[in-house]
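Below is one structure. I have some questions about it.
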Amino acid sequence: MIELTSTEIDTQRILDDAYRADCGAVVLFLGTTRQWTKDRETDHLVYDAYQAMAVSKLEELKRAAIDRWPVKHVAIVHRLGRVDIGKASVAVVVASPHREAAFEAAKWLIDELKRQVPIWKQEHWTSQAPSWIHPPSSPGNPTSNPPT
Amino acid sequence: MIELTSTEIDTQRILDDAYRADCGAVVLFLGTTRQWTKDRETDHLVYDAYQAMAVSKLEELKRAAIDRWPVKHVAIVHRLGRVDIGKASVAVVVASPHREAAFEAAKWLIDELKRQVPIWKQEHWTSQAPSWIHPPSSPGNPTSNPPT
Amino acid sequence: MKVRILLFAAAQDIAQNSSIELDVGTDPTVSELRKLVGDTYPALRALLGSSRFAIDREFVSDDTIVSSHSEIAMIPPVSGG
Amino acid sequence: MKVRILLFAAAQDIAQNSSIELDVGTDPTVSELRKLVGDTYPALRALLGSSRFAIDREFVSDDTIVSSHSEIAMIPPVSGG
């Protein structure tokens, strides 16, 4: 499953979908909203995406992971719109017969998502104007929330 | 949280407990019961443990992970007794400010658990007598279900 | 010919629009488009320097030739996850 | 002195008991204990060869000296996870 969603990520459903009789390992990565970036406090985040391309890139990453590792199931869900502190903005789940492949593929997928998929995060700070995060340099913005 | 339990692992609760305002990454590993080991079919598993030592070893691994990586939260839950196909026998969850540490620590914890923690799996096959798994060699038993 | 370029995130805020339309010569390259965007919207220049372009939902290099019925997008550095 | 050794998994099935009691000389080493277990329960010998011993819930080496009020356990190769 590849999904961009404006509602809370249902991790239980994602994990239930990942169980497979031929798999012994499931790895789930959740990216969660940090409250503090050094001494600046985040109130919430807002995500924007080039949706059609983001979905197509995520499908491409999923196929690449399945080609590269012996993984049987990949799902990626990313939030759009407002995401509050302590909530997951992204979930990546991989199931494979053995655990090494599941760890490696999950790590690779979130790394590539952060590199290639046209989704953007806007930090809404408690005490200054919101800023879109365009790493490594965000002209006119405070330093970006470092990557998770 | 370190727990040996004879009831189903509540992944939702484990993930809810893992959210922290200073963390941007949560990694969950689930070890699940495979139905097929080559051409032999598993009906269910039974886990036994030297419980006092297992809990003490798991606490030791948790402390070691927190010393070694900048991780803020570690929980490990392992099932005892009967575990059916498609169910999780073990859950390891790690939360950290950045994702690299969460992936590395979760992988290390499950690797060490499988190496050091006195817990044993008994395969109940559909078509032959049950066998305790004592890798790498299990005298008198069929070849073990390879590690996940 | 006329081309329409989709904008996102800070680029959208700067241009105050989710897309811009430009008049370009026939068969321009992405590089020519990039320059024209900067000339027309000087406020976008800084962000243009670190942005990629996508045509029909694939990243393309600066020497790619743009056709008018393609879906063209300016992709500032991404920050999903 | 008398020592009690906790057994698990296949060792428990083989000895048909969750622990065994042995008469040993004073201050035996783990190595001496290991030999005595094998002599008393020949069926355990194969598994003993690949097992570790734990005293008071810590793995110990074969030259460790065992005292009678310690909690002693034979730990066959583990397969949790």
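Should a chain be cited, it is by its letter among A, B, C and D, assigned in written order, with residues numbered from 1 in that chain.
What we mean here is this: a contact is a pair of C-beta atoms (placed from the backbone, for glycine too) under 8 Å apart; a residue touches a chain by one contact, two chains touch by 3 or more.
The shown structure was predicted, so the numbers you read here are calculated from the model rather than taken from an experiment.
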item: Path length in the contact graph (chain A to chain D, fewest steps); value: 2
item: Whole-Å separation of chain centres (CA-atom averages), chain C against chain D; value: 72
item: Centroid spacing, where centroids are CA-atom means, of chain B and chain C in whole angstrom; value: 49
item: Length of the line joining the C-alpha centres of chain A and chain C, rounded to whole Å; value: 25
item: Touching two or more other chains - residues of chain A; value: 31, 110, 147-148
item: Where chain C touches two or more other chains, by residue; value: none
item: Contacting chain pairs - touch in the sense defined above; value: A-B, A-C, B-D
item: Residues of chain A touching chain C in the complex; value: 31, 47-50, 52-54, 56-57, 78, 89-90, 110, 113-122, 132-141, 144, 147-148
item: Contacting residues of chain C [partner chain A, same complex]; value: 6, 8-10, 12-13, 46-47, 50, 54, 57, 59, 71, 73, 75-81
item: Complex contact set, residues of chain A against chain B; value: 11-12, 15, 19-36, 85-86, 88, 95, 97-99, 102-103, 106-107, 110, 146-148
